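The next part holds the structures, each set out as structure tokens.
In what follows, chain A forms one complex with chain B and a second complex with chain C.
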Partner chain A sequence: MIAVIVAVSVVAAAGTAAAQGGDAGAGKAVYDLKCAGCHGEKGDGKGPAAELLEPRPRDFTTGVYKVRSTATKVPTDQDLFRVITEGMPGTSMPPWAVLPEKDRWNLVAYLKRFAPEKREEAPKRVELPREVASSAESIKRGREMYEAIECNKCHGDQGRADGPSRAELKDDWGHPIRPANLTKPWSFRGGASRTDIARRIAVGVLGTPMPSFIDSVEKPEDVWHLTNYILSLSPGAPRYATLVTVTSVAGAIPDDPDAALWKRIAPSHIPLMGQVIVDPRNFNPSIDLVAVRAVYNDREIAFHLTWDDPTESTGDGTRAFPDAISLQFPPRPSGGAERPYFLMGDASEGVYLLRWESGKGVGEATAHGPTKLAPLAGAEATGRAVFAAGQYRLVMKRPLASKDAARTEFRPGVFTPVAFQAWDGGAGEAGPKMSLTSWYYLRLEEPESSRRFVLPPVVAILTLAAMLLVVRVAQMRS
Partner chain B sequence: MSFLRSRFFQAVVVLVVSFVVLRWGIRPPAPWSVIQLYMFVVLMAVLIYVSADSDSWRAFVRPIRSTLVDPDRRHVRGAFLVALPLLLGYYAYTQAAARPQAPPELRAVHPAPPASIRFRGKEINISGVDNPLRKDGAALRKHVAAGAATYVRNCMYCHGDNLDGKGHFASGFNPPPANFQDPGTIAMLQEAYLFWRIAKGAPGLPKESTPWNSVMPAWEDRLTEEQIWQVILYLYDATGQQPRRWETAH
Partner chain C sequence: MRKMLAVFVTLALIAGVAVFAYRPAPAGAQGGGTIEAAVTYGGAPVVEKLKVNKDTKQCGTEAVLEKVVVGANKGLANAVVSVAGAKGPARAAKAEIDQQGCKFVPRVVAMMPGAIDIKNSDGILHNIHTYSTANASINKAQPKFKKVMTEKFDKPEFVKLTCDVHSWMLGWIAVMPNPFFGVTDAKGTTRIENVPPGKYTLEVWHETLGKQTKDVEVKAGQTARVAVEMKK
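Coming up: the complex of A and B.
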């Protein structure tokens, strides 16, 4: 009798496996075409692109997978399918939902062939405790656990990946690895849903220093308190902008980056990308986002920039360099489309830079290319930076007008091109090794006009008059 | 159900249905200016139809006239006199309160190529040239594989693993990286044109293509002539597109 039950369940198990099991042979064809460039033809993570990527592509021959929903080391087929389909945010693994579903299941079947001996143990899904909804108490409890199980050692006090152990972290292959910045859930490797985060805490990220915490927390439901705390760290989805609006204010503009004025202004988020045109190239930039706030009064324009940098660095001149950020403008915005080359200008046409560097403060420069910077004499710019818990907040101020032809003049209502560059000196970024943007627009908003309150009533009254006239004429005619 | 036979009601139904189909029935969505143009044509057609003979025209105008003059339609008339001015006033408000938008960036996507370029001091013809590696049939697979390796080490970060212009730096740049899977890119260009664009990059663009905006590097600084031809082979091989041939261009 027992034998029959076992036999039936084995058949049933084989049946479910076959239902989603792909054809490994067909998977190989897709793999060679789409995956081998990074993961290597042998699946050893040593494709031609591998050494440029951080984190490195997965080595399938070890059978070790970062994102899994199982208490065992072996992930389920569904886990592999999901990573292929949705990709891994914040890494070079893109979502492959463009491939037909069948191809993706075939890939799953093929991937398992790289480490057949690792598949002997049957995958077992982890049982999460009952979900705890977010509340002030839950977040408080989550914070206590965050300190108790020492999440802050790597992820930092405020979750900005600036913990003291950060520099020593290595993955199982000996490559340096960065802890996740918990204030940026859109870059969480295994997804940012509540269940995804709770699961990551419960089972860890295999092959990395992130362990399973389900047995280290006091009570199992603490993984939900931690999840609620982690989600409370994020300031919300970035508000990406293509036009930075400079708000008009009356009175003096504070130097202090933490002044109340700055909190009243909604930031524009600007994504930064690696500079890969001139050597040394930066395929894995450290700073990927800057929040920009800008105001002006009758005399001055001021920029408030916020960005995450895990290490405050003034540079030792060998491996670490000063942290820096710069705003780039054409010296004379023509209003037309033409402007200098986005990468800090070129020999024929230079750019004006309003920049800040740790240890030096705010300054101005002109550039004719990424290695040809010339500081401008006669400081007209001032400002102040604050570094706290893995984040810089900076105010840079400058007079609106300038007699110097090399300095950009700012006038209300004009669309002025602007570009951004940032350096994380602690990560070895200096000179051309930076993160940057191409051209965006900056516009000083004109003082509020009353047009929008006058025009609508005028239109409404004119319409009413015209309609009354039509009614009158029609009634007279009949 | 006499109103179903009313000319006026039928005209309104035709206009509403046309608008719904044009606005929501077409994928990808048609531009607003196109919808306006089509709606104008539909309106004209409806007016011609209802005014085909004088009976039809009278039937069409009757409900409008009765709303304007009949004493027992007072309330409907009043409602229109309030609603329409409010609606137009609101429209005026949305127009006056609109925030300024960044000026549009007009650029020629595929500018005319030069007849020849200087590549590391060597003259290379652009017009009339085919990929020299295609002649070497035996080594073709080797060249495609080498092109793939060059691609993932240099191009992938913007143009994407899937060659669809969705690399991980793509979202940060405007204009966005070219999508090679799109039949509007490499499939309508000759291989020599691609050679010019890869070798000279953004700095080699003519002014009508806004070279100051594009982040495409000039790859002659980094890749050899053979490597560029190999990458071009890979682009067509991996996407299944065919390059435009010179024969068909004449």
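Coming up: the complex of A and C.
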């Protein structure tokens, strides 16, 4: 009730001077060169590349835009300019900040020409309630509201896009659409600032299942509590790494992925891409990030992997397959730049894989290409996986050394190439249809020794003694 | 003199209010006729079933998608029957549609341009997602504590109503230009009363079977029976 009274007080958005200055004719020239490949010459979203993209490129003739700051259907010029400039994270729409600002305003003017009748109504900016700063209390209220308005239906209990309605979601054109993973704000289509998120909750995402909530929260300021809660779900920015450091530990390494040891180690985030080199290609990979923690002791090396997967799948063999992940190493790391072909090796040079597959557990294999996997007999690897709220957490362990030439040996101080591959079987990923990385590096940090605690004090004491000696000698001479 | 003026002004005011408040009875009230429409469909009913993976307490374990409901004697339910071109006053009652058992109840509701109450008896999250061209389409969340949301549809049109949380939910709001309409019941019939006498085109619309028309003549105090067969 209060929401209805207070919430949407809308004000007409004043077009900026630059916006009015956009020249549609000049915009067309830029459009034909830069945009038509995906969005089509007629702006109908049917460019030559459209078929391969998911989400599909925008059909400008409908006048429907996902990201807008308005309470009305029509976005402001600034909204369009912003998407052109910043792109849409998590989609194929790149940021076009490389274009001169004038060109981008000209594009805005040209885009509006595709659906002139849809722009009869003037855009009206939605006025958000007064901002509520983040606090433990606000986050708590946000969580309560998250449950009360059932965000989990699509976004999942912990925000990992694994809600029960996920599989049913379609956009207004009937294409399947995925809910946002709220733990990865860097992939939010409309930006990840506090205002961006609050606006998305308030006015929804047009043309998608995401509804407007400004009239549907208990109190208008709840959109800010929800924003604070959503931002509390993410690690902030991902800690992208090119070198994974394997920490030296003393004592046994726990199998349990939820053991305290793993929480003490900062993860390295590794981004994954769809495999698009050999058929069947994976243009819309499900798994885009793996958090890696690694430790070793005097006998074993262990990898702790965390990744989001909306469905736990062991596969029915037809449309769904087992979920899986593998770490790939050259069998004999040379320490140099020579490495096997990153896509699971080739006929001349194979790779060693430390793998986990749902239903099978941890195992080892060699591969000479993405379809040529051979399990290694006498598996030395062990481990355990847990799946909860749209996330896998896995520990894989193996002895450091191996007498078998097919198995990689891990030695402190050596830069060992490593690559990652992951399959969301529930999304139909299997075989070459996977997410993967190119080569990264792994380095086992030097084992902890007591020398670093002993040597510096000894040096300090010797220095002090020498100084005292010098002073003494000087005094005696004088 | 002043007294006279005051009395005059008062009288004029009363008269004015009286004139304003007086609304002529609808033409049909005394001299109107009735249309009884019987809509049939010779084809097979289309009713699909879907396994439900959430909210089973409210939705049940199986969703029933009633795309074409055919009753006894081929009677077609959920068809909107309207009298094109007839003129009449607005209906007094506000239109209403409910979300109950993860279904729109009724599946098809007809109304004149104006407001409709969309209820949420399920007490779980639904979202009102409409597909329309003449009216602005809406997509608003209706969480459990939002028992009623009132939405306006000002232009005549058949508005598709969906819920993305429960993708099988489908309803229709038929926004009609005049008050002479009805939605067929399980037997495929509906009555439209107080239609001003005259010759009209009766229009029948069904969500999957499209439109059919039939000429009808309405005579004062009489009932015109019209049979319309829908074809695929």
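Observations, loosely collected:
Simple rule for what comes next: the second predicted complex is superposed on the first by the 427 of 478 C-alpha atoms of A that agree within 3 Å, B and C clash if a C-alpha of one lies under 4 Å from a C-alpha of the other, contacts with A are read in each partner's own complex, and residues count from 1 in each chain.
Quick note on the criterion: contacts are C-beta pairs under 8 Å (C-beta built on N, C-alpha and C of every residue); 3 or more make two chains touch, one makes a residue touch a chain.
The shown structure was predicted, so the numbers you read here are calculated from the model rather than taken from an experiment.
When the two complexes are overlaid on their common chain A, residue A:Pro94 makes contact with chain B while staying clear of chain C. Looking at the shared chain after the overlay, A:Ala337 reaches chain B, while chain C stays out of its contact range.
In the superposition on chain A, contact of A:Leu272 is made with chain B only, not with chain C.
In the superposition on chain A, A:Val30 contacts neither chain B nor chain C.
Between chain B and chain C, the partner in contact with more residues of chain A is B. Shared-chain residue A:Leu468: touches chain B; no touch with chain C.
Within the superposed three-chain model, A:Asp215 lies in touch with chain C and out of touch with chain B [touch as defined at top].
In the superposed pair of complexes, A:Leu52 makes contact with chain B only, with no contact to chain C.
With the contact threshold set out at the top, not one residue of chain A is in contact with chain B in one structure and with chain C in the other. Those residues of chain A lying in contact with chain C across their complex are 73, 148-150, 153-154, 164-165, 168-170, 172, 204, 206, 209-213, 215-218. Contacts from chain C toward chain A in the complex involve residues 53-54, 124-125, 127-129, 131, 136-146, 149, 164-167. Across the complex, chain B meets chain A through its residues 65, 68-69, 77, 80-81, 84-86, 88-93, 95-97, 99-103, 105-106, 148-149, 151-154, 156-157, 160-162, 164, 166-169, 171-174, 202-203, 207, 210-215, 217, 238. Contact residues of chain A toward chain B in the complex are 33-34, 37-38, 47-49, 52, 92, 94, 96, 98, 242-243, 245, 271-274, 276-277, 283, 337-343, 346, 415, 437-439, 441, 443, 451-452, 455-461, 463-464, 467-468, 470-471, 474-475, 478.
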